[in-house]
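Next, two complexes with subunit A in common: one pairs it with subunit B, the other with subunit C.
Moving on to the complex of A and B:
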């Protein structure tokens, strides 16, 4: 059985996995927007997902032509922490400043919405591929 | 041009008789389609089990995609069967 209809499904599936990872990372960044203590000392550092095009198994004759996507790495944003004056805070330094994560909640919301829309686009692609297969099966009916 | 052999009158009669086995072919492709559907169904069941067992590497979309694939493969097999039966009934209703 030719798996040509399944190729589009495999590719969209890899995209869905990637967008799910982006959503997880955006959730982590938003949840830790006020975290002043992280592993290795200092405040939490913002995470960024790096995506890469990848060859997928089970893509039949389209292997190497169509590419799926995979998460190649999740990197920490090394930009400087946000300093806020709060002498009463237990994590305040000698000058009374507290280092908060380098996270802008608005940016994270935008990332989250982008991931969510990209996921929807992947699902739509998938539905179209399934629809095409169903239409093919109903030829002559 | 010279490589094309001129057509002889006897060439049609002497052509080898192609043995046709349409029933066997259809049965074969139906069996293959069923096998495919079964293996995809097994895959879908494995994914669903892994997801239910809290396997972090299996996303819910992978389960849905695997079930959709199994669904398409099964419908393909069913369509083949329906077409074959339709043809059979058509033949059986032939007035002699």
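Moving on to the complex of A and C:
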């Protein structure tokens, strides 16, 4: 015996928390789609969540097969900012161009939808574990 | 002729297998967006497909194929699903279908244990069903 239902629920929980982080980052990208001056100067840079598979403690002989997930880092997208001609803008350069964040709202919306679907799948998986545990508890009733 | 409790032992082993397998499949769902992740699965020694297979015995009773304490074979199972541009080969539909089938098999084994127990209880009593 190396894993129990709580291990399965921990695995699902790690997935839920990773997807919530993706959702938060996508929301923050959308909110900052027009931020021309971020901390450190220049326009806001798009953030991207990097996920990695992670082993769980106390999985015994099942180690290496039972994998949770973790957010290994949140990277800044280094692609070039979007330039828009607006000479009256206080952040316009000498040529009259304003640097806007490298954020495409459609891309962020797609990210939010996939995160939300993956979250739902995680919830379904977790309720399956609960359902199985209930079946075990009802033996002999 | 198997002893009265060996069926329960074997069903118990099958339940353990399906419980462990659930944790593996849950890991695949959690890693549905992890770059380079390939889905894992486990199979049970004895039953090639890793399913709870029931075979009729001489007495006409059903016997589970699971052997208590048998080691599980760990495999990659992407079902021929091609990895995407990020190297991830998890198909969410496939994993959720496997989880549901696995859960049903677990529930079946649990129900069989219950029925077997009820039979033993009946036999141990005075036959009145109490």
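We take it that the second predicted complex is superposed on the first by the 134 of 141 C-alpha atoms of A that agree within 3 Å, B and C clash if a C-alpha of one lies under 4 Å from a C-alpha of the other, contacts with A are read in each partner's own complex, and residues count from 1 in each chain.
The definition used in the following text is that a residue touches a chain if its C-beta (ideal position, glycine included) is under 8 Å from a C-beta of that chain, and two chains touch if they have at least 3 such contacts.
All values derive from a computational prediction rather than experimental measurement.
Chemist: When the two structures are superposed on subunit A, do subunit B and subunit C clash or fit side by side?
Modeler: fit
Chemist: Under the stated touch criterion, which partner chain does A:80 make contact with: subunit B (first), subunit C (second), both, or neither?
Modeler: Neither partner.
Chemist: Report for A:53: first if it touches subunit B alone, second if subunit C alone, otherwise both or neither.
Modeler: A:53 contacts subunit C only, not subunit B.
Chemist: Report for A:65: first if it touches subunit B alone, second if subunit C alone, otherwise both or neither.
Modeler: Touch partner of A:65: subunit C, not subunit B.
Chemist: Please indicate which partner A:118 is in contact with in the superposed arrangement: first for subunit B, second for subunit C, both, or neither.
Modeler: second
Chemist: Based on the superposed arrangement, let me know which partner A:130 touches: subunit B (first), subunit C (second), both, or neither?
Modeler: First partner only, subunit B.
Chemist: Between subunit B and subunit C, which makes contact with more of the residues in subunit A?
Modeler: Touched residues of subunit A are more numerous for C.
Chemist: Quick one: is A:5 in contact with subunit B, with subunit C, with both, or with neither? Answer first, second, both or neither.
Modeler: In the superposition, A:5 contacts both subunit B and subunit C.
Chemist: Using the superposition on chain A described above, determine whether A:14 touches subunit B (first), subunit C (second), both, or neither.
Modeler: In the superposition, A:14 contacts subunit C only.
Chemist: Of the two partner chains, subunit B (first) and subunit C (second), which one does A:39 touch, if any: first, second, both, or neither?
Modeler: neither
Chemist: Closest pair of CA atoms, one in subunit B and one in subunit C, after superposing: how far apart in Å?
Modeler: Shortest inter-chain C-alpha distance (subunit B to subunit C): 7 Å.
Chemist: Identify the residues of subunit A that lie in both the subunit B contact region and the subunit C contact region.
Modeler: After superposing on chain A, subunit A residues 1, 5, 9, 126, 140 contact both subunit B and subunit C.
Chemist: Okay, in this complex, where on subunit A does subunit B touch?
Modeler: Going through subunit A, the ones touching subunit B are 1, 5-6, 9, 13, 16-17, 20, 123, 126, 130, 133-134, 137, 140.
Chemist: For subunit C, which residues count as touching subunit A in their complex?
Modeler: These residues of subunit C touch subunit A: 15-16, 18-20, 22-35, 37, 40, 42, 71, 74, 92, 95-96, 99-100, 103, 106-107, 110-111, 113-114, 117.
Chemist: Would you tell me which residues of subunit A are touching subunit C in their complex?
Modeler: These residues of subunit A touch subunit C: 1-5, 7-9, 11-12, 14-15, 18-19, 22, 50-53, 59, 61-62, 64-69, 114-115, 117-118, 121-122, 124-126, 128-129, 131-132, 135-136, 138-141.
Chemist: Going by the contact rule at the top, pick out the subunit B residues touching subunit A in the complex.
Modeler: Per the stated touch rule, the residues are 32-33, 36, 59, 61-62, 65, 68-69, 72-73, 75-76, 79, 83.
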